[in-house]
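Each of the two complexes below includes chain A, the first together with chain B, the second together with chain C.
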Partner chain A sequence: MGRYILKRILWLIPVILGVCIFIFTIMYFVPGDPAALLLGPGATAGEIAVKRKELGLDHSFIIRLLDYMKRVFLHFDFGRSYTTGNVITAELIQRFPKTAVIGFVSMFLAIITGVPLGINAAVKQNGLADRICMMLALVGISVPVFWLAMMMVIVFSLNLRWLPSSGVASWTGYILPCVASSFGGMAGLARQSRSSMLEVIRSDYITTARAKGLSERDVIYRHALPNALIPIITIAGNKLALVFGGSVVIENVFSIPGIGTYMVNAVNNRDYPVVQGSVLFLAVIFAAVMVLVDLVYAYVDPRIKARYIGSQKQKTKKRGERSHG
Partner chain B sequence: MADKNAAATVAAPVKTSKTQSELGAAMARLRKNKSAMIGLGLFLFLALLAILAPYISPYGYATMNPAEKFQLPSVRHWFGTDEYGRDVFSRILYGGRYSLSVGLLATAFAMCVGVIIGATAGYYGGQIDNIIMRFLDIFQAIPMMLLTIVISAALGSGFDKTIFALAISHVPDFARTLRASIMSMRDMEYIEAAEAIGCGTFRQIVKYILPNSFAPLLVTATMNVANTVLLTASLSYIGLGIQPPTPEWGAMLSAAKGFIRNYPYLLIFPGLFIATTVLGLNMFGDGLRDALDPRLKD
Partner chain C sequence: MKKQMTSKVLSVVLAAALLAGCGQSKTTSPTTSAAAGSSQSSDTRPAGTEAKPVDQDYDYSSHLTSDGRTLIRAAMASDPGTYDPAAFGSIDGLNATATMMRESLFERDANGNLINQIAKDYTVDDDNLTYHVEIYDYVYDTAGNHITADDIVFCFTRAKENGFNSTSLYDKVTKDDDYNVTLHLNNTAMGVFAQVVQVVQIYSQKAFVDAGDDFGTKPVFTGPYKLTQWVTGTSIRMEKNEDYWQKEELRNIYAAANVDIIDFYIIKEAAQLAIALETDQIDMVYNMSSLEAERFMEGGSSSAGFYVYDFTNRQSQLMYLNVAKGNVLSDNLALRKAVMHSIDINGVIDGVVNGRGIACKTFGNDMISDYQAAWNNEEYFDYDPELAKKYLAESGYGKGEVTLRIMTTNDEVRSGIALMLQAYMLETGINAEILTYENALFNTYKYDETQFDILLESTSWNGPTVTTWRDKFDQRYFENGKNGFTFAEDSKLQELLAEALDVSTYSAEGVNAFHQYLKEQAYARGIFNQISYSVTSDCVVGYMNHRVGALFPAGCTYVWNVQ
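The block that comes next holds the complex of A and B.
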């Protein structure tokens, strides 16, 4: 088991490096000269050349990439913003708590509401509750998250005046953004949970469990649920990506000063180091979350445990054979 | 039954006739699925509105009329008018042209590239497969929204660039779908037979593997169009994608977000159209998946 965890965490390294190279490469091909952009339209060719040298833009792609990776991974330095000149790392760290609250709370909400809804729907398959749940889930995956957020603002902030429409001055400001951005993930997870639960309920061992007279509660919660959870966790990562990505846009709807807003403003100002830094930062955080999901998966799925014990046995066996030969 | 046997005696078209009959059965199941048919109907209706926009829209999508700005929905202006006095209903009809064609074109593009990558990985296997799949893993480690934002920010906004950005980020879905079905097919007898009669790799893939992977690809594609329509709206909303004054639905929402306090109706209708389009596609996609793979049926 320890080996699986270690392997999974080590796999994070090439993923993060790959993501970094990938994002850097995309940004490298952005048309336009950052130095000219930084100095404004009044700059002379000489000034631009000096600025280019200062920013290290006169080097080749590989040197710049390596330099960027060295700064990011060894010194945790994402460079400076083109528009404000602020240190990006400091901005990211200052903004991260707000993004983290929205991202994690909405992922959490999506899981604790979506999975039970789907499982209940499957247990009462084709009943009224099932139909209503699934229709709602279908609508949930079809509605643009940011639009839903705006509709909620219209209802709960502007008409009912229950909750603030923007900002996070108090904790009530987090309610609408979190609920709105969890909605799509909740709906997706409910659908997924239902279909994997249905598949399990139809399998033979559940019939056996019923035949030997177990109560329906035991059949569902002790026999069906653990097996249904495995595919649910697999798909959960996918849905969490949706929630996490959606919360970036949600921040914008509620003018929350998180990383999402920072990034979107940077996109509109063509402030590419900020875009690059924000995406890389969020992607790394997300990759770490995915590792956690995988570890939960390994904990729940005995097959992974067995595989690792099994492979160790096989290896020792092989080694033994070789020494004999 | 008799027809099937008759077809089977003719050596060459055996495979095609069987595919057709399977496909025919699937289509029959699909036609019986009420929800799928409603979904298809919704989508086709919206597509038709978009296609016929120049003939049925009561006003021009760019016709400004300052005297009639911010009119509430009425008989004259079904969905009201915006800050320039433009008719929102007409703009939504025209907007459908952008939203739907971005969705369809980006998906078609992603499918072409994805199929090539997936076919390469699935057919050759081994080291090539390993490299491609690890690359896709890295690609997909970035949440789709962020990935599309980065690519779109690099390319800039605009109709063609948005299609390209969305297509790139959806390539892995198709590559994985095709790879999975090739993996399950590679060792089947008819592929072996094709190889035995001297079929080249390319011919095997194009003639025998692709037609049999049609079902899963179609399901992925339907869901992808839905997804792309949603993503396009988000992109346009945050200032990428397609920008005002083009009447794309997300761009309309983006332009209207400043008027949420006083003129909320400007926000309601474009969003409803996005949601209805995506809902229709998802209903159809669900039905399609159930029809093509009866085992999944409840």
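The block that comes next holds the complex of A and C.
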């Protein structure tokens, strides 16, 4: 199992390298000169040339790429923002917790509401509960998150005065963004949970479990759900990545200084180091989440775990046979 | 049957719920001077920012901190990023906050006149390039550092090394003695000195060196307020500098400090601004959209406890025609005039900003210092579809034979203007294609003569109009040697501009001559200035903007100033 974990972690390296090269190349070809944008319309060609040299933009693509990769991978230095001159790593570290809180809390809310909804819908298939659950899921998928966020602000901030309308000065400021952000995930998980459970519920071993006299609760939660979890975990992992990447809408509506707005502002200002640093940062986070998802697979599904333990035992046996043979 | 009924009921409920959220309740018409939807509204001036009546019994205890200091909360659109005067940061955030902390040698009032800040006086040599500036000998920053000529030289040199705005207009600054410096300009155009001395912010070299890399986030300046707390991306707190260096009787309008503490909260979304104001999270909002501001106007749903101040925004919407060689508009004055006379500016104002705008009568607006009242009574590309069609026929193109590309940003107002222009030009028989880009790409493409035929942009006006005309049309100002975003190579235009610009030849006749020629050639035009709204709680009885186009809470008058 340890080898499996190590192997997955080592696979991160080429993935991150690939992301680094890809995003650097994309930003290189995006039109718009950062030096000219910084200096404004009154800048002369000479001033722009000096600024480009100062920012290192006068070198060739390969030299700039290699220089960037050296700084990032050997010194863990994302550089400084062209616009503000602030250290990017420090900004990311300061902003990431806010995005992470929204991401993880909204995912948690999506799981604890979406999965039971889906299970309920599957167990009571074609009944009223099923229709209500699926209608909620349809609404959750269809409703744009910015509209939902504004509606919640109008109801809970403006009319009821229960919660702040924007900002995260206190923990109450996270409630509305997390709930708004979780709605889409809840809907997707509910649908996937229903679909997975329906497949599993019709299996022979479920019939056997019922025939053995187990309670319906045991049948569903001890026998059916573990077998239905793999696709649900996959969807949950993907949704988490989407929440991180799509957080800019929620951050804009609620004025949360997270990574989403940092990145979008940087793209608009052609602040290359910030864009590259933010994308790399999120790529590492996402890759780590995917490794975690794989580990959860192994934990949840004994077949996957057994495969790895079995393969280890086979290798050990073969080595033993070779040495005795 | 039962299942079908249930499905139908649920569908109706769902549809009703979705539609309920989309609709917006209609408020009663606001009783402001700028009524919506009226073709006369484009000439209606805003009520302005006159003082409100003061209630002597007003209870402002909610604006007091526990130690009895007054507190006001304002919103701003973005985080400043950095307060380093030689770095760029975010314009919106800096304009909202830095104006109360940082000072330059001189500032400009709303009419573009110089007012003293760090500098006491200046003289200019006959060459109009060498300016001798004397600073006050008792200027101190919030850390107690004494500002001398060495600091002035340091600030100007550092700004120039960083390529900061307008620093290409001077060669160097030299020290004469402890409190006197000489500024060596390289341009004798009108307004250059004023532009340079108010753009470069002054700070202590010692403070900069002591702060190291932290100067941008822990700034030390000379202004009437100091930064005491900054939660990046969330809020900024500024407190009155009790040891502000300037004598009370010599303080200029930007040295006012009518409130002890100002908290700024970053709120990006327009609707959220209105909600934050209504839920008493903030006390003042600058430049609220007219749709949101209507709720706070008299008769609106949230009017009690709020004041709405309306003013003409100094940012003018502008239009340029590309006359680069080879372009369809080049050497075709008739086609250019056909375009100009196709457009009903009042209709554009009604359609884009709901009637809340003032039509331009020059390439600029009537708030600039050398605007000439006679221009109000002149014809300025009046809307005349029949004349436009006549010009189109003269241009050699039939109806629908020519297509022009209108380029603009994806800004809501400018996109709206582009749509209106397209519709009006279509009536004349000129097809138009709209190209919208985000800011960075737009600012790159607008220097490329192959990218557009008509360019829409906007500019804020400070100081004499010729200063901005220089930025937009002066061949010496553009690397391609052409007349700015028109890409004209018109020697007469350049000659008239040079005459109007130079300090030694500047005159009202010269300004008018350029205005008339620009109009005759139909190279470019002003479109309109939008009427903007600031909404405050009713503790703000006197409103003030800074000339950079931002709310100036320090200079507003509050009930505690007049009770």
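The rule is simple: the second predicted complex is superposed on the first by the 302 of 325 C-alpha atoms of A that agree within 3 Å, B and C clash if a C-alpha of one lies under 4 Å from a C-alpha of the other, contacts with A are read in each partner's own complex, and residues count from 1 in each chain.
In this text, a residue touches a chain if its C-beta (ideal position, glycine included) is under 8 Å from a C-beta of that chain, and two chains touch if they have at least 3 such contacts.
Keep in mind that this is a model prediction, so the values were computed, not measured.
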Contacts of A:Met290 with chain B and chain C, given as first, second, both or neither: first
Touched partner set for A:Arg71, first chain B, second chain C, both or neither: neither
Touching partner for A:Arg8 - first (chain B), second (chain C), both, neither: neither
Partner chain in contact with A:Leu158 - chain B first, chain C second, else both or neither: both
Touching partner for A:Lys51 - first (chain B), second (chain C), both, neither: second
First (chain B), second (chain C), both or neither touched by A:Arg210: neither
Partner chain(s) touched by A:Val139 [first = chain B, second = chain C, both, neither]: both
Which superposed partner A:Ala36 touches (first chain B, second chain C, both, neither): second
Touching partner for A:Trp147 - first (chain B), second (chain C), both, neither: both
Intersection of the chain A residues that touch chain B with those that touch chain C: 31, 139, 147, 150-151, 153-154, 158, 165, 252-253, 268
Residue ranges of chain B touching chain A (in the complex, touch as defined): 134-135, 137-139, 141-146, 149-151, 153-154, 156, 226, 230, 233-234, 237-240, 250, 253, 257, 260-261, 264, 267-268, 271, 274-275, 278-279, 282-283, 286, 296, 298
Sites on chain A touched by chain B in the complex: 14-15, 18-19, 22-23, 26-27, 29-31, 125-126, 138-139, 141-147, 150-151, 153-154, 158, 165, 195, 198, 241-242, 244-246, 248-249, 252-253, 263-264, 267-268, 272, 275-276, 279, 282-283, 286-287, 290
Complex contacts: residues of chain A adjacent to chain C: 31-33, 36-45, 47, 50-51, 81, 83-87, 91, 94-95, 128, 131, 135, 139, 147, 150-151, 153-154, 157-158, 161, 164-169, 252-258, 261, 265, 268-270
Chain C to chain A touching residues, read off their complex: 6-7, 10, 14, 21, 78-79, 81-82, 84, 87-90, 163, 165-166, 168, 213, 216-217, 231-235, 265-269, 271-272, 275-276, 278-279, 281, 438-441, 443-445, 471, 477, 479
